[in-house]
Amino acid sequence: MTQKTYTLTVSCADQSGLIAAVTGCIAETGGNILNLAQHTAVDIGMFFCRVSFAGGDTFSDEGFTAAFSVLAERFSMDWRFFHNAVKKRVAVLVSKTSHCLYEILLKHADDELDCDIPVIISNHPDLAHIATSFHIPFYQVDPKKGKEAYEKDLQDILRQYDIELVVLARYMQVMSAEFCKAWDGKIINIHHGFLPAFKGAKPYHQAWQKGVKIIGATGHFATEDLDQGPIIFQDVIRVNDTCSVDEFIRMGKDVERRVLVEAVTRYLKHSIFLYQGRTFVIE
Amino acid sequence: MTQKTYTLTVSCADQSGLIAAVTGCIAETGGNILNLAQHTAVDIGMFFCRVSFAGGDTFSDEGFTAAFSVLAERFSMDWRFFHNAVKKRVAVLVSKTSHCLYEILLKHADDELDCDIPVIISNHPDLAHIATSFHIPFYQVDPKKGKEAYEKDLQDILRQYDIELVVLARYMQVMSAEFCKAWDGKIINIHHGFLPAFKGAKPYHQAWQKGVKIIGATGHFATEDLDQGPIIFQDVIRVNDTCSVDEFIRMGKDVERRVLVEAVTRYLKHSIFLYQGRTFVIE
Amino acid sequence: MTQKTYTLTVSCADQSGLIAAVTGCIAETGGNILNLAQHTAVDIGMFFCRVSFAGGDTFSDEGFTAAFSVLAERFSMDWRFFHNAVKKRVAVLVSKTSHCLYEILLKHADDELDCDIPVIISNHPDLAHIATSFHIPFYQVDPKKGKEAYEKDLQDILRQYDIELVVLARYMQVMSAEFCKAWDGKIINIHHGFLPAFKGAKPYHQAWQKGVKIIGATGHFATEDLDQGPIIFQDVIRVNDTCSVDEFIRMGKDVERRVLVEAVTRYLKHSIFLYQGRTFVIE
Amino acid sequence: MTQKTYTLTVSCADQSGLIAAVTGCIAETGGNILNLAQHTAVDIGMFFCRVSFAGGDTFSDEGFTAAFSVLAERFSMDWRFFHNAVKKRVAVLVSKTSHCLYEILLKHADDELDCDIPVIISNHPDLAHIATSFHIPFYQVDPKKGKEAYEKDLQDILRQYDIELVVLARYMQVMSAEFCKAWDGKIINIHHGFLPAFKGAKPYHQAWQKGVKIIGATGHFATEDLDQGPIIFQDVIRVNDTCSVDEFIRMGKDVERRVLVEAVTRYLKHSIFLYQGRTFVIE
């Protein structure tokens, strides 16, 4: 029988003995550590740690949880505990451009995104055929109904499918502050610009006007401040001044799709710590 | 006898027959084209061209200039004509950090920067020994005298050495609007941030607070709007969330020195076209 | 009426007056140059040039061809002349892995590969469904019939569809010397290693054993010497020593698909010059 | 009083409980872990771990060493224990090109290389002035004396200065098998090619002939097999087909100097594990 594996994430103020305490607790409750990544952010005195471990014969959820609660109390830790076999349920929201959706579905088909994708939602009918060819239900929502009614439809679908993470794969609708708060830390958006530069609409046009020599894309958590949520992953590509805006758009697609998948991957691996408005991604 | 070589730069509204006209004029006046780079910016309908050529037996400056003037008039061209053997005279301005100064002097010593560097100027005495070891006069100017008096001192030194290009190699003084206008398109600054993000002071601290995953540096023309002049060259480096601000600063140095040298190189090769507040670098 | 556009490629020993002669001939026969890229390889004294131009009212194929033939004779030029509106017919050959095939089909659907793809051929049935969903005929060939019979089948299909370029998109069969010669300069292969290192089978395993810190992929023309044909495009990705061979394979896929599309794109744009066993890609 | 800090490196066959055992032993002997990096190489079933920690009031070298020896015996660990305050003594060997030497000296002056550099040795007099300007003794050795006599001179100087690491900063002499064995794992060389491609002489010429689109440099341990020792760090730069061999050489310099410093940095941080002819660099 294969052993069950778990991931534990811990963050707290930096203090002596944290790693020994965490690893000791896992060992004492019958867990075998497979991988440990940790970081002390000296600029703010914070400790972040992510441990994956296998449960041995004597390991039990209850036993570990009880033991670790004591430790967490002592060190004032924020902590989360995940069963690796339990897959997150992810909804993908799209509009008219297909490159990010295809990337997610192809990576998922290749077992590179460790989640379930039970539903695809769009404000346009254009990409329904892609959902169909990957055998995933496709729903169309209508923003013209009014923000409130439309977001209620969205919420209903997300609830119906027990969605835990919403991925905006070039979804061209701004979410309300209420929606963002309801899904705080659970919406990942791809912005086609190198944030914090080039927020908002037409970032490639902005970049071309400014004459930048490198363009990029940013995967980030959506918050009520448009394109200002915590950054998860970024990548860039060098452009030269013989490129037109259209070429920026074309070249940018490859960066966008890669960045979105990398951002979602880090979320699914529980590698992202949110603290004071920024992320610490510990891999 | 080695033939003299020249560089011609041309920009104008896009129209039919430009390349044939330019290359034809060079051939008819006895020039042999060595290299031609050209770009039509379709977004704004502009043509940019840079040609280097050798003068044959029948070639003369006056003959070429007379002939090309007629062409330039016909097509409403902006054009400039350079003797490649004539080196630009460049002043380097520094403060306390040495990495950009060293890079410029070492590249110059390795014949990779095709210019003369007759003077180094600073608002601090700290780097005088580097100037000395490279046998270049070092002048200290004193901003505490007041902006006007201090900038007059600066101008006097630049005039005394017949300077044609001012390179700010991590020079920590903001220039007045008057100074920037007097040297319009002739001051190259290195900013230690990926513009247009992170203008102004402490860009690495800004970047760390924001949690960006890539940091960069920007070589640009200085204008009266701080860190907003036309961008010449940029480069970036991936950082991870285990880096402290101090590590950003340390890692950034390598990007800064490289970007500054690349920006100056492009200037010396006459590869930079300035148009409507941005550059078109045609290589 | 939109003007027809053309591409001219020229290579010859370096000599004075080449660019003026080429551009002059185009102008005199009624062509308007849109873009010109040229390079003189000083190490071997060769000139390479690629010009795209629009035909004006007085332009005719026959007129241009006649005029340019005279020029080509005088300068001993190799030259080729293409109508940009005429699309190359490309066959894609695959085996069992889908990432390169998907990339080609998605880029083609996005109008980023300027060719026709009338047929997909495989030595396995696994990817037939992808061909179907993109509405492209899929043929299975059987290497077990023996090299000769199997390659005859292949040739028959390629002939039937008037194929001009064969793209091996992770096609896991070595072609015979006869086949490679028959299609000399017309087969583009993707090798999942950074050539000339790691030729042959299992390049990612070789790379892992060697402990390299960067892995790559190479798009090249197939010749009878396995994985030694002229290189068209390469790209790399940094790996770290915590990666397993399986992770190399997974990470490498993104590099492979990108490199293959870039190599094919350069071919379709007539940017590749073959000379003495290497390419000169002039963009 | 600042606490003393230490680095412990451990490698052994993978088995359950390693991390808990290592961190437990440190905690029990009065150490506080500052940073822990670990990797299990699944392809070969090996565990590598690097821990830095501070010694608390009750910590003693002898106490820790005694306790850890018991653990190491139990798990059949290879282990090494370093006082972080004790700097390695490094000799730099050079020939005629200065870029790698300058890089090392400038990074050292900027406190980015945590070592002492008590001596510079060369087979040519050309770079003596650089040693002088950084106030470091410079010795010239003469390979024309014969391999044996010359390497004895070299050994004498290295011994005189208690050298622990030899850095070949573009040192153009092949070391004998005896010398390489005597300094096994303690000579870092910079090769100006992307190994394992382009071993031996004139790698940039080889790369140009082959028409590669990316060139690189490799920092590696020198062994008796020329340019085949374990790779520590590599980096690359994209080139295009308009570059001459001379431009490869010029562009390559920036890659070489960076790669050499990165390789030496990893050595000084005790991040390099040597196993079965390759390195595992765990950061």
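For clarity, chains are labelled A, B, C and D in written order, and residue numbers in each chain start from 1.
Convention: a contact is a pair of C-beta atoms (placed from the backbone, for glycine too) under 8 Å apart; a residue touches a chain by one contact, two chains touch by 3 or more.
On a predicted model such as this, the values are computed, not experimentally measured, just so you know.
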| item | value |
| --- | --- |
| Interface with more contacting C-beta pairs, comparing C-D to B-C | C-D |
| From chain C, the most remote chain by mean C-alpha position | D |
| CA centroid of chain C to CA centroid of chain D, Å | 41 |
| Averaged-CA centre spacing for the pair chain C and chain B, given as whole angstrom | 37 |
| Multi-chain contact sites of chain A, meaning residues that touch two or more partners | none |
| Contacting residues of chain C [partner chain D, same complex] | 39, 41-43, 194-198, 208-214, 216, 230-231, 233-236, 240-242, 244-245, 277-283 |
| Contact footprint of chain A on chain C as seen in their complex | 98-99, 102, 106, 110, 112, 133, 250, 253-254, 258 |
| Residue ranges of chain A in contact with chain D within the complex | 16-21, 23-24, 26-27, 32-36, 38, 40, 56 |
